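Provided herewith is a single structure, encoded as structure tokens, for subsequent inquiry.
In this document, chain identifiers A, B, C and D correspond to the written order of the chains, with residue numbering beginning at 1 in each.
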Amino acid sequence: MNIKFKIENLSVYFGKEQFLNSVNLEVEANKILGIIGPSGSGKSTLLGALNRMNELEPYCRTEGTILMDGVDINSSTYNVINLRKKVGIVFAMPVPLPMSIYENVVYGVRLSGVNDKKRLDELVEKSLSEAFLWNEVKDRLNLSGLRISGGQQQRLCLARVLAMEPEAILLDEPSSGLDPISTSKIEDALNQLKEKYTIVLVTNNTKQAARISDNTAYFLLGDMIEVGSTKQIFTAPLKKETDDYITGRFG
Amino acid sequence: MRINPKYTQWGAVTILTSATIFTILILVFIIFFILEKGLPVLGLSFLTENPQEMGKAGGIFPTLIGTIILPVFALLIATPLGISTSVYLAEYTKETRITKVIRFGTDCLAGIPSIIFGLFGYIFFVITLGFGWSILSGGLTLAVMVLPTIIRTSEEAIRAVPNSYRKVSFSLGASRWQTVKKVVLPNALPGIVTGIMLSIGRSIGETAAVIFTAGSSLRIPSSVFDSTRTMAVHFYILAREGISSENAYGTAATLIIAVLFVNLLAYYTMHRFIAKRS
Amino acid sequence: MKLVGEKGVQRILMITALSAISSLLLIALFIFSEGLPFIFKYGAGNFLLANEWDPNTGHFGIFPMIMSSVWVTLGAMVVGAPLGIAGAIFLSEYASPIIMKIVKPTIELLAAIPSVVYGFIGVMVLAPVIRNNLGGPGLSLLAGCIILGIMILPTVISISIDSILAVPRSYREGSLALGATTWQTTHMVTIKAARSGIVASIILGLGRAIGETMAVIMVAGNSVNIPNSALDSVRTLTANIALEMSYATGMHREALFATGVILFIIIMILNSIASVAIRNRNAKK
Amino acid sequence: MFKRVFILGMLLLAGIYMTGCGRGKTSITLAGSTAFQPFAEKLAEQFMTKNPNVNVTVQGGGSAVGIQSASSGAAQIGMADLVTLPEEAKGLTSTVVAKDGIAIVVSPKNKVNNLTTDQVRDIFNGKIVNWKEVGGDDVPITVVSREAGSGTRSSFEQILTNITLKKDALIQDSNGTIRETVANDANSVGYLSHGLINEKIKAIKIDDVECTSEMIIA
């Protein structure tokens, strides 16, 4: 078993309030880890710690270590910009930047200094294909990213991350605002992508976790309650809280 | 006592409508008054000829040059300073004591009467620094004068850019400056342009501060150390001193048309820019 | 960027951010160093509260100018604020969008018309009307108030419109759905929500009115006088400086700079009041 | 017409003769008195046609600005219209270039053509407030004066002696604006430099003396 992230005693505070309470968790490489739990359980905060987006909020404090391939990415000496290039994130609401589809996809790559037209063209085709979007937009790459449907926008956001060729992809309830067809397209894409990437999927939809994740973790009020293979969590949870949540008695 | 809402509705709308019509009439009257008296004077020769006898006869060519060059000079200084100040305030700091002081200072600067800017520019740029009455002195004074306008409008515009854009940009590995350059500023541009337009308008229309610092020479300037006269100053001198009311109206009409032209140009370019992006 | 790096950019931005405050300090330094010694020499009480201004005999009392500035500013508010706010409400709530699209840019255009043009129209059109119908010299407090009131209209209207339009549609729809008339909705919901923007527009207008120089010199007559009626001629603080600066020497010149100091202090006080008011409102939210 | 004359002084910075004949284009700035500005503009034009490599710039600003800028070097020549020069002007060379007279002016619609010196004093003092007291229509008099510090005003006050300007007199800050204000208001009276009288206003005889250039020089 290959471990991508090893999270040890991770606590996150915003101001005086604690959002994660000393969490320990391992994330396997080339697998999808589903994270479920009611709102306010700290799921998104965990993602925010993995690529240090939390730091953008004022008064945020993160304690503990997060080892990525054995290196502590939470240390102040670790280059946060490089981290975000290696660990991409897709947010709950699709947010295409107000520029063309093409420019959206290459935004991150251009930031790293790649400006070779041929290389960029290749990247755009590859990433959009991986995100199951290429066939729908290949004739209108110059169209504004704001002008396509919500489902397409979310896949564009995924493609934008893929173009960076990251090591891990974080998804924060990526299909919460989408219709079932768009959702299944994204799930199809994720299923193929896990061969190349480590994926952490936060979802409110327990069925989605059951469908596509290899492992599942259950969070409640900032505590990591239980983690295990998806099959075990959904059929034989060890903790009563987990059982209550997945059977719908709570949450 | 309670009046039927229907009547208050009717009364309120009547009052509002008449107040608006009255306001618009006043404003339209001012424009027409100037254009009616000024347009007959206006013509190619009026714009391209040099004035004679202090503007009693001849055209307004040198003041046209002054009116273009002085605001351009002022804006060349104030725009970068103003935008970078607003970027600093909106993107680079939390609300601290320093930002509060900067913001308070900006507000105070905005409230200072132009005559005080004129006095200051006269002692500081004209006398102390020895720039004399010149485009340099006038431009610097105007730059200080319009700086707060640019800072406030740009800051508003930058804050109006959705936070989600910044989040996305950071998540894709952008540094703060890259985010500002590639996402924040392009999206705040319409608001920033509005601020610049307001500043151009203010510096074109200013008289008190300009007379004290850029002087009122009617010669065509050959360097930034030369004095110049803007159309507003020319109008003031012509009308006040009773040199020529025809030429005064002609100058005022030119000013109004010029301002209109600049505004239309700005609207047009901005709409094209917005259309291109969305 | 590559040349200076992130930290460098931040440092450059911070230095530029100090430009506004350092300009303010520089202006204060120069005006105060020219004017403050006079106030100490002559006595602040004598300077601020005496009625006599006659530089030739060494009398420098600016009380009439202070009162005139106050009256002119208040009068301009009485003329400009109700008209401006009514216009803004009508245009944003009742007028068709097409009218709004035409009228708003026109009004903003008027903000760019030089104040001397307004002043000139005041002299040519307004002063004779006042002189022939109401008496007095025509160049008067009343003329000053009307011209300044008109001059602040564009500021008041355009900022008020922006803040009214910023009120979310749902507020209005909520009120209308409960059976309120449009006017009830306007004055109970929309105006309340847009209040801070409307107040800001009035404060900005106030600042413009108190600081205006050229137009006031042209229409207010410039007598050193505590006005007894709206038809009296008055001289504001700004007018005092601009009128006499060109011939002033020695004590007289210092007294004019001291007038500038007083004006400066008044503006600072107004701004402090405004920023405290805005902070309190934000705190309530 | 007041026979007293006052002086348009011209202040020269000694250094100008040294710098005036350097290589290339030289520039000279004149600044100060607005009363003298029109003449200076004309003189400058003539001077520049004769000496094409010299740039002459004329600025207004008033006598005080003239003296100050000549002292500080902002202008090479300061222009002042004053009877006596103030303290600050020590160290500057002064040359009298012109003499001028002050005329009492009213609107051409005004019936009054002649006033005595005493009547003028009383009008400006505020003792006479209606034109009927001096033989005109029954309308109040609007007095228009220059601002304190003005050369024209101090000369005017010196000539009249014992005058305290009435409180509600309108104040205008140049000869041209006095002319415009008087021209626009049929009830007003003002005083200005004799050289600026035009058809829009009427100069009044003082003690039966008419205002002409000959009278000023005499």
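As a convention for this text, contacts are C-beta pairs under 8 Å (C-beta built on N, C-alpha and C of every residue); 3 or more make two chains touch, one makes a residue touch a chain.
Note that the structure is a prediction, hence the values are computed from the model and not measured.
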Interchain contact steps from chain A to chain C (minimum; 1 if touching): 2
Most centrally placed chain - per-chain CA mean versus overall CA mean: B
Pair of chains ranked first by number of touching C-beta pairs: B-C
Centroid-based (C-alpha) most distant chain relative to chain C: A
Geometric centre distance via CA averages, chain B-chain A, whole Å: 48
Whole-Å gap separating chain B and chain C, where each centre is the average of the chain's CA atoms: 16
Mean-CA-position distance for chain D and chain B (Å): 35
Rounded Å distance between chain A and chain D, as computed from the means of their C-alpha atoms: 82
Of all residues in chain D, the ones touching two or more other chains: 34, 60-61, 68, 180
Junction residues of chain B - those touching two or more other chains: 175, 178, 212, 240
Residues of chain C engaged with two or more neighbouring chains: 242, 245
Chain-chain contacts as defined at top: A-B, B-C, B-D, C-D
Residues on chain C engaged by chain D in the complex (per definition of touch): 53-56, 123-124, 127-128, 131, 135, 137-139, 217, 221-225, 232-233, 235, 242-250, 252-253
Footprint of chain C on chain B - complex, ascending: 5-6, 8-9, 12-13, 15-17, 19-20, 22-24, 26-28, 30-31, 33-34, 80-81, 84-85, 87-89, 92, 101-102, 104-120, 123-124, 144, 147-148, 151, 175-178, 181, 198, 200-202, 204-208, 212, 232, 235-236, 239-240, 248, 252, 255-256, 259-260, 263, 267
For the chain B and chain D complex, residues of the former touching the latter: 53-54, 126-127, 130, 132-133, 211-212, 215-219, 222, 226-227, 237, 240-243
Chain C to chain B touching residues, read off their complex: 1, 6, 9-10, 12-14, 16-21, 23-27, 30-31, 34, 82-84, 86-87, 89-91, 94-95, 103, 105-118, 120-121, 125, 150, 153-154, 157, 180-184, 186-187, 207, 210-214, 218, 238, 241-242, 245, 257, 260, 263-264, 267-268, 270-272, 274-275
Residues of chain D defined as touching chain C within the complex: 34, 60-65, 67-68, 86-88, 140, 142, 147-151, 154, 157, 164, 167-173, 180-181, 184-185, 187-188
